[in-house]
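Same chain, two partners: subunit A is paired with subunit B first, then with subunit C.
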Partner chain A sequence: MLRGRLGSFLFQSIAFVLALGFVSLILLAVGASPLEAYKNILTGSVGSMRKFAEVLVSFVPLLLVTAGLLITFSAGLWNIGVEGQIVLGAIATTWALRQFVDSTMPPALAIFLSILAGMAGGAVWASFAGMLKTFGGVNEIFGGLGLNFVSTALTLYLIFGPWKREGVASMSGTEPFPDVFSLPQLPDLRISPWALGIALAAVLVVYLILQGTYFGLRLKAVGRNFRAAYLLGIPTWQYSLYSFLICGALAGLAGAMQVTAVYHRLIPSISSGYGYLGLMVAMLINYQAIWAVPLTLFFAALNIGSIQLPIVMKLDSSLSGVLQGVLVLFVLLVEGARQKFLKKA
Partner chain B sequence: MNVELKNIHKHFGKTYANKGINLSIPSGTIQGILGENGAGKSTLMKILSGFIQADPGGEIILNGKPVVIHSPADAIHVGVGMLHQDPLDFPPMRVLDNFLLGRSGGLFPNRGAVAQDFKRLAEQFDFSLDPDNYVDALTVGERQQLEIIRLLWLGARVLILDEPTTGISASQKTKLFATLKKLADQGMTIIFVSHKLEDVESLCHQVAVLRAGELVGTTKPPYNTSRLVEMMFGKIVTLGERQPAKSGEPVLSLRDISLEDVRLKIRNVNLDLRAGEVIGLAGLEGSGQGMFIRACAGLVRPVGGRILLKGRDLTGRSYHTFKREGVNFLPASRLEEGLVPGLSLTDHFVLAEEPNGVFIDRAAGQRLAEERIKAFNIRGTPFSTVESLSGGNQQRAELALLQSPLSLILLEHPTRGLDIESVIYIWSKLKDRCHQDSAAILFISSDLEEILQYSDRVLVFFSGKVSAPIDAATTSVDQLGQLIGGKGWQEKGGSHA
Partner chain C sequence: MNQENLLVGLAGVLAAAAPILFAVLGETLSERAGVINLSMNGTILLTAMSGFAVAYTTDSLLLGFLAGMLIGAVVALIVAFASITLKQSQVAVGFVLALTCRDLAYFLGNPFMGVSGPRLQAAPIPVLSDIPVLGPVFFRQEVITYVSYLAIFLAWLWIYRTRPGLMLQGIGEKPAAAYIRGANVNLMRYVYTVIGGALIGLAGPAYSLGVRAGWMGTISGLDGIGWIALSITIFGGWNPARAAFGAYLFALLQWLGLVLQPVLTQVPSQVLQVAPFPLMILTLLLVNIGNAEWVERTLAAMPESTRKFFAKLLRAMRASPPAALGVPFERD
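Let's look at the complex of A and B:
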């Protein structure tokens, strides 16, 4: 029983309980009531339609990034640079929109082209990490990390330099675009059904690529045994690069959504750490696309729900990050224990 | 010590490695355990020596008393010691330190007293082991000797030897057999696990044969070889007749090929390999044959000369170009280079085929896998991951992945670690491919008999030197052995193959 899906679920539940227990201990140590904190997170995320819409706003970029990372993880690559790829997607989208603002182009077409520009921006940024890896022998973790810092610096330079607001440059970002250049939103809610649809479509495409295509199978072969894949006739380094390009395009799409559906401008922390969070989700679901949607939704809910904590309980909202991190650690730990247990049994 | 195994079962998942085994070995007996790879010999011995536990319900009885063995330490405590195929020692340490390891008690061992014991035991069996030498300087045979006296010193009364005659010299084998006979005379129980019939026949007092996890029978001398073979495989197997050399069109032509790596230089090799021909590459590991075969696959770029495949110049082209032109390379390390762990057999067959559209037709893939599994006699299902297969089945899977049509098959140690039945099977499949596609074969093996049995011509490698092609029909294991060891190279004349 412990071998099958049910056993796996049982162990994951144990990990979840352990993570909750651990965070509760932290809360008790600072003199707060864990139950009250969890209640606040719950009501803060799904307590009202408006709040749930906020969860979905956070869900969209996280899902896009996670979907992209499933591709690079399948190819055996740790695309830490995904954070910077989101940023470059946002920058490229902003750049494109700035070209179209004063033109006579229909806004819908302008938005569409800007989103494509965002995807291209993310893909180009990812290709840097990919080329450093394949041609320069630089590990993608180091290359990606370096490029992340460059992307942050580039954002700040643009906001305070060439793209600064009329008269005053500030941390609040560039001049917001006119409303016609935003993806349409639901009445009274901040969520755009277009953004949601795009994110769900993206994860579906990734699922299909990994489950049913020659491309996906070859990618997995490259990820699991680079040498054998090469001997089997797969063009290995090309596939590594393709995976970077796809992940970069999806991260760039996430950045484009942040600009066209959420902030309507470029802001300094446009990626909001979704890249790193996506890495955690991908690890948590053990790189299986089918779990991406529920887990991403859960993480997004934690993010939004914990905003209540400083308001109601004077706790820091970073508690959600602690819970997410601890959860990943416990799931990995319990999975390790399960493997060991199975070997003995 | 009398050893009795009663009703031993062991299953891994759905397959039984041991099924209801009952075996009784009286004190002073040399018991042979015969069986092909995967017959369950090693599992049974690991159970007896505590590396794994049997399923509940069975019993191990030593001198009439049931014992519970949970670990190798428990085993040696009740007097059971096992000598593994790859000696479990610590090469960078001295012989005496290895001898001391595994001994319980005492923060500061009394090295003087231990050295005395060591000397006494070594003398008793006429082993010349220097206690201050480092283990990595010893031969496999000497490491075995060290392990034997270590186990005896720890109090072993039952000695299990797993394939002990693999990798040792003939004189070491003679000495090993003499030692085992002496030990048996002293009342020790020796369990000798092997798939080499002649060793078992010349040494053992009784033989038990395992097949597919079950004990199919026990026999005593005089042994009937064909009867033993039949018990092992459930049918009669014979080596195929040697086939005469072919003289088809040249498939692979090497013109003044020179190769280099950090250690070795190979200079100006010329060779014509013809359709249907098999050439064996002999030589000690690392004599240049590995680099040579990889150069023929396009994996290593020659520093000079030209490589022609069916007249087309492929010098300097990539492995993938070679592969498209019909060159297939099967590396020695199957799970490291040949197959992708974590992917199923179906996945592998799908990967090896030309893609047909964007989406994989799962049903067709599975049908293909079922066909190949049947055709290549692979023990596994379309969903089995490759790492769950035994070595022989992994090798069959690799053969099943060969593309079609083919012009050249390059193999590194195609049958290493496989039992005789798998060896015969694999070579029959290879020869079939040779005839069907009029392909040629170039293979590396450290088994000289295999080289002489299956090749038409042989190239011998010795520290980068390559012999002229030797006709396999008119040479002997002894002659090849001399050349491999660096003797008689003047007559064979340098590197003009």
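Let's look at the complex of A and C:
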């Protein structure tokens, strides 16, 4: 009963209950009612159409990033630099839009080209981590982290330097683009159906690549056993680089969505930690693309639902991060316990 | 800049390096035993918050530091348990803990934001502090900075000059051989990970009770410091002395960034503050590039004299991780 899919599901449910219990204890420790906190998160995320639209706004970049990370994880790579790849996507998109703002180009074409620029920006940034890894022997975790810091610096430099707002530069970001350069949104809601469609299409493509193509199969071979894959004649380091490029392009797409569908400008924290959160989602779904959509939606709902905690309950909104982290931690621990138990049985 | 300002600045560099030093030394011990503790960034934030909170509530600085060490040890224990006993990926567990502890720090630290509380005072060492130049730089510091000097020395002594230290090297390099020589590999890995975690846990209070007293939540400016410490551990080649050099170099660069700001007015201040990171990537590249295959091939194709020169240079920079780093040990 502990083997197979059902057993795995059973254990994950246990992990979920344990995580909820642990976070409830933390809430009790600070003198807050866990039930009230969870109720607030629920109403804050799906309580109204407007709130749910906000959840979807957060869902789009997170899903894109998670989809990209499924590719690098398949190749056995810890692309922690994904955060910076989102940022560079946003920077490249902003750069492209700035070129088109005063031109006679139709806005739709300008948006399309800017999004492509964003994907290219993310891919180029990812290729740095990839080349540091393949040609410099620098572990992708450390190369990626360093590049993340550099990307933040670059954003601040642009906002306070060459792209500063008329008058005085500030943390509120660059001058917003005219409305015609935004992806169209639903009436009265902040979510753009275009962004949503792009994100869902991306995760579908990733699922198909991993499940149904020769490329995906070889990528997974590289991830499982680099040396064996090499001996089988797979061009291993090229595959590592391809996976960085694909993930970077998807992260760049997430950054492009942040600019064209959400903020309409470049802001200092444009990546909003979605890269790191995407890594958590990928771990939580055990790198299975099929679970990406529901769990990304769940994490996005936690993010949005916790926003009103400071106002309603005087609790810090970082509770959502605690919940997400504790959940992933317990899933990892319980999975380890299950494997240990199975081995003994 | 006059001489006095320079000395005060250098003294500040030594003080600012203290928390990074604790973190780097703790990580070095842990990785020497074969366990990567990737949770460091979260641990430092959580211990900074809780160290300050405990010191504020109990009005005891010592309890603040002890609380930090205890929490650092507990987080490390989770990493050890998940990776050694449950055989889960160290990187995955460590990363999740890094994020979770960070958010936990922000969540639990909310009531302590911006509160002014106790902090360490400078404690000049009699006689030594009167030595010209050296005195003002080294010996007019807070107690925790003196502890950091001592920690470098002790960690180095332990790893390279004692029997258990020799065993520690063996556990990280060739666990099977160490096992045959009678070492309980997994137990020792637990012990060193937890001790390393306690050291990392000192880093937080060293900030919140010393370098930057108080707790400011997300604007504390501490987020990221753990990732830097992780890079310095590699830069340090798992050697406490070289790691200390890396930590001081980093602190020096950050200080230079601040000092140069008025001179380089056209460069936004935010850029200078992150200037050490590209340099960090560059040093990581220099440290690691000797391990890359194409470098060996290029070297082989060079004429004898140039090859000798470059090979020597690469060997001097190179740092190889403990061979069994991140690899679970099983008796079979």
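Note that in this section the second predicted complex is superposed on the first by the 345 of 345 C-alpha atoms of A that agree within 3 Å, B and C clash if a C-alpha of one lies under 4 Å from a C-alpha of the other, contacts with A are read in each partner's own complex, and residues count from 1 in each chain.
Please note the rule applied: a residue touches a chain if its C-beta (ideal position, glycine included) is under 8 Å from a C-beta of that chain, and two chains touch if they have at least 3 such contacts.
A quick note: this is a predicted structure, and the numbers were derived from the prediction, not measured.
Of the two partner chains, neither subunit B nor subunit C is touched by A:Leu241. Look at A:Val326: by the touch rule set out above, it reaches subunit C but stays clear of subunit B. When the two complexes are overlaid on their common chain A, residue A:Met119 makes contact with neither subunit B nor subunit C. With both structures placed on the common chain, the touch criterion links A:Leu219 to neither subunit B nor subunit C.
In the superposition on chain A, A:Ala229 makes contact with subunit B only, while subunit C stays out of contact range. Using the contact criterion defined above for the overlaid structures, shared-chain residue A:Ile86 touches neither subunit B nor subunit C, since it reaches no partner. Look at A:Leu77: by the touch rule set out above, it reaches neither subunit B nor subunit C. Set against each other, subunit B and subunit C differ in how many residues of subunit A they touch, and the higher count belongs to C. Looking at the shared chain after the overlay, A:Ala254 reaches neither subunit B nor subunit C.
No residue of subunit A is contacted both by subunit B in one complex and by subunit C in the other. Within the complex formed with subunit A, the residues of subunit B that make contact are 319-320, 323, 329, 331, 336-343, 347-348, 350-352, 355, 357-360, 362, 401. Residues 212-215, 217-218, 220-221, 224-225, 227-235 of subunit A are the ones touching subunit B in the complex. Within the complex, the subunit C residues that touch subunit A are 38, 78, 81-82, 85-89, 91-93, 95-97, 99-104, 106-110, 217, 224, 227, 230-231, 234, 268, 270-271, 273-275, 277-278, 280-281, 284-285, 288-292, 294. For subunit A in complex with subunit C, the touching residues are 26, 30, 78, 80, 132, 135-139, 141-143, 145-147, 149-150, 152-153, 156-157, 160-161, 276, 279-280, 283, 315-316, 318-322, 324-326, 328-329, 332-333, 335-337, 339-340.
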